[in-house]
């Protein structure tokens, strides 16, 4: 059954376009999506998932599982980096361990989107408020990463600017992608509350176009991920194992938490995917500026070159069957 | 006249331009979207794909005194976040 | 009632995204829409409003109020810069006065679009030929500005190329945005006349997508406007007052003219908005090349940093209630 | 009747936008679509025609005329460069002759798209598998061009890297645009086979948006073609005649072949257009790298400055009436 | 050999390139989308956001004689519309 | 210290960067999307419109020895596909 789910997932247009990008690099085709076009798609996707999430949030309201689920998601983004940090310290210094840990505590919006598309293709219901969880898991992970650096490594940093709590918060909360996601969520919510016609008029842009734009962006992600892959080899086998096993471990944590929250299968999968995915955008951007001692090739080649492809290709279907096994659905 | 070439993370652009203004630079030119590799960090190329993390290349044509003033303000930024700064000779056309 | 209209306007997605962009700058988030992506949206919006206007123009034909309304609009774009010039000369030299005056005589396409969206949300009818007025108000304002410079300041311009009438006309008529708008209007008209199926096939691109693209562009405009704001402070309180009071004054002129033309409330609002808005694209581009003596920070920070936000946030609803008061609707 | 078809073609939005771009250059307007925005549209168009072609290919299957038609198309892309080469050698050296010949053996995707739009506007049926022909005609032409250089000019190339068969194949098959087109075709096919819901969800992006994006891209093509035109004058009258007469000759060959294959009028027109059109993207990119001795201004100004506009403006309707005359339809 | 750096409004690009061609420059490289600030005008950065008003950076490697010929044609353009031009030494690799 | 400017087709970027790495260049900066014209070929500008065929401008600040090592690897690439390479003086700020 897992194999079947994996096959179905692999044969969906987004994943096929991801492969197309990957193979282009492997075959050394000169296919390229020049900057800043990928930025256009990433901004668009953030705006659209935020806006759609806001609309759904208005529909569901703040009743039921919303607050506990979002709270649990934030908790996971605080706990996961700590676990990762302990494991990574076996091999790496404080700076690199903290930076990689923060990336794995945070999330990947594109993995989330791919999981949503997967659920839609399986006609499994999920709630819009999960986008809020998505948006709120990025900052805590960054904060934990920076605090770990502040606590564990104050003396090793010669000639460095002192890191202030204010700037840690700033870096973590006002990061462009976090900001756009949260802002669009709020706008979607406000529009749905006050201006139903506005929701209707946004629909062709944020709704209809989404799937195609996702495919286009995944084509680029395939190119970018494949370009990062060779560097992973340099990073060594410890990191390679980490990049595959850690998401699976985090997924387990996520399933247990989802069970505790008694989430439905759709929300449970999204929750698990949030735990299992790692950030290759917001967190690396923040780490590069605040922990310049960490090697960006470590935290980017693992998250983008391995964890991301693993999650979208085989991870999502595996997590789905895990959810199906551990969380009994009321029939 | 001198020519100053500064290459550093786009994120630091505001700080650097303010430093140039404070040093009374007569003008400057900014080119964004530069990528690259430095001695320690394989940073920028890795992150260009999302628009985060690319470098800015700033060119300033000015007198030696201004160079001297720029130096102090800018060196700390470059040493913390990385980047390079080189001076060469230039004659107005 | 005005407060209510303002609130409704402020809670529409385009304005909310404008705020999102503004706040990003104020909070020093690193949200950025890198060049040339904003250009993509501005080209798209010009093409789409032109095309849609052409289709509407074909529907309404050249009967009724079309010719007088468009004529009156051109007249306004000739008169307003003269008034502005006289006021500005109290404080500024000929070059700066002429450049700013030209900007206020001209129009802002995005303000116009926002007003259209506002009317649609209020279910108030307006005619497509107003786009023709929009397209035709840009050039005259530029011409007046350049003639003012030519007449009032020939001797102060040492080492300058003599300004020829030919190049003034060229600069004003063949400006990229004027050209694209007029060209798309013509294409829309020709397509509607000869090729109704073509109109249908363009609809998803120029029609359905429009509102979303407008939101995306306004997000960028919010960023850009907020970045210009601090410079306005340097420009001094005279210009700050000018940037808010002049649009209101021009709106009054516009309402009177709309009354004289007995326009319906929808067309009247658009007419007023054309008068009240100021150009931050075509005119500055033309002025920079032809009146390099003028400080671009003056004409850009006023039009973009203050007049534009003022108009789209509170201006449009205020002008609407002005129209409602002064122009009685046949019930 | 031809005049009528030409007029109908000329009054369609894509061609009108092409004219708008051309006239912008002639009037020296500063309208510009800055890089890399045109690349966005060219990538999008390739992805969309590939994907749509794959879906149609799945519908039609590989029965009937598919294999012979695609085979004949490949044959044409091998034969046409040889004929062109012989003609061009009258005036040019081996390098330039081979490069131009390869361009004319290959195809122009935008000409093909324009022909499809033309057929749709005339409600004439055509098959999706023609896209496969389109995708498969690019590589053989490049290979012939490079082999011609290898055979006819080995000794004249001092200090040049030896050209290996492997790199010839690589250059011809893994060229970005060929790769994206073929890849999207395959993805479309796989999606249609396994995932009908995926086809549905892609439709707003690859289907509905297509016509508008085509118009936008043709606006840019108009600008680019008009910029190349003056260089054509420098290239001399031989090349100018070649750029108009060769497509007509190739169209004749194409019509005869289409008759032999007993294609329906829609497929026949597309087949003819593939023969008549010349590449200004993939082939020039490949030639620039592998035959640096050839003047790119020759092969670009002919294909882009003259053959492309000729084909989309008057060529397509002329070829249509040729098809109508020579291939009797079963009524 | 000399290296000439020209920075000016993109709008003047055609005029400058024609001047280079007329002076028989052996080649040139153009980089668009540069922004900046000059001594008098806070021009270009203000307008980059719409694609209007950004600068072009043109680099020419050539002999001194050609520099001399370029100078005349180009100076009037630069003095009217703004922009800078500097010459420095360069040796072919 | 020296400054090396390399301008060549973007397609050759990987080859050139590998050559720089092999020569142990301490770092480099890459600017894409440059267009231009060379002595023989009116190449690049013709093709920029599709994103194919534009140039890359690579800047390397390094010692003379490294320049010497870069020279050999890079010259063949530049002579075959076109492009220019110039060296000038530069002093760290």
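Just so it is clear, A, B, C, D, E and F label the chains in written order, and each chain counts residues from 1 on its own.
The rule is simple: contacts are C-beta pairs under 8 Å (C-beta built on N, C-alpha and C of every residue); 3 or more make two chains touch, one makes a residue touch a chain.
Please read these numbers as outputs of a predicted model, since none were measured by experiment.
Student: For chain B and chain D, what is the smallest step count along a path of chains that touch one another?
Tutor: Graph distance in the chain contact network comes out at 2.
Student: Count how many hops through touching chains it takes, at the least, to reach chain F starting from chain C.
Tutor: Step count on the best path from chain C to chain F: 2.
Student: Go through the assembly and pull out the chains touching chain B as well as chain C.
Tutor: Touches both chain B and chain C: A, E.
Student: If you average the CA coordinates per chain, which chain's centre is most distant from that of chain B?
Tutor: D
Student: Please identify the chain with the largest separation between its CA centroid and the CA centroid of chain F.
Tutor: The most distant chain relative to chain F turns out to be C.
Student: So which of B-C, C-E or D-E is the twin of A-B, meaning more than half of its contact pairs are the same residue numbers?
Tutor: C-E
Student: Measure off the straight-line distance from the CA centroid of chain B to the CA centroid of chain E, and report it in whole Å.
Tutor: 20
Student: Can you compute the centre-to-centre distance for chain A and chain E, using the mean CA position of each chain? Integer Å is fine.
Tutor: So the centroids are 45 Å from each other.
Student: CA centre of chain A versus CA centre of chain D: separation in Å?
Tutor: 41
Student: Could you list which residues of chain B touch at least two other chains?
Tutor: Residues 11, 31-33, 51-52, 88-89 of chain B each touch two or more of the other chains.
Student: Multi-chain contacts only, two chains or more: what residues does chain D have there?
Tutor: Touching at least two other chains: 30, 32, 34-36, 39-40, 176, 204, 208-209, 285.
Student: Spell out the residues on chain F that touch chain D in their complex, using ranges where they run on.
Tutor: 9, 11, 33, 41-43, 46-54, 76, 79-82
Student: Any idea which chain D residues touch chain A in the complex?
Tutor: Chain D reaches chain A through residues 35-36, 39-40, 43-44, 47, 51, 170, 174-176, 179-180, 183-184, 187, 190-191, 194-195, 197-198, 201-202, 204-206, 208-209, 285.
Student: Name, in rising order, each residue of chain A that touches chain D in their complex.
Tutor: Residues of chain A touching chain D: 8, 11-13, 16-17, 20, 23-24, 27-37, 40, 120-121, 204, 208-209, 211-213, 215-216, 219.
Student: Which stretch or stretches of chain E touch chain D in the complex?
Tutor: Within the complex, chain E contacts chain D at residues 11, 32-33, 51-52.
Student: Where on chain E is chain B touching in the complex?
Tutor: 4-7, 31, 33-39, 45, 55, 57, 67, 70-71, 74-75, 84-89
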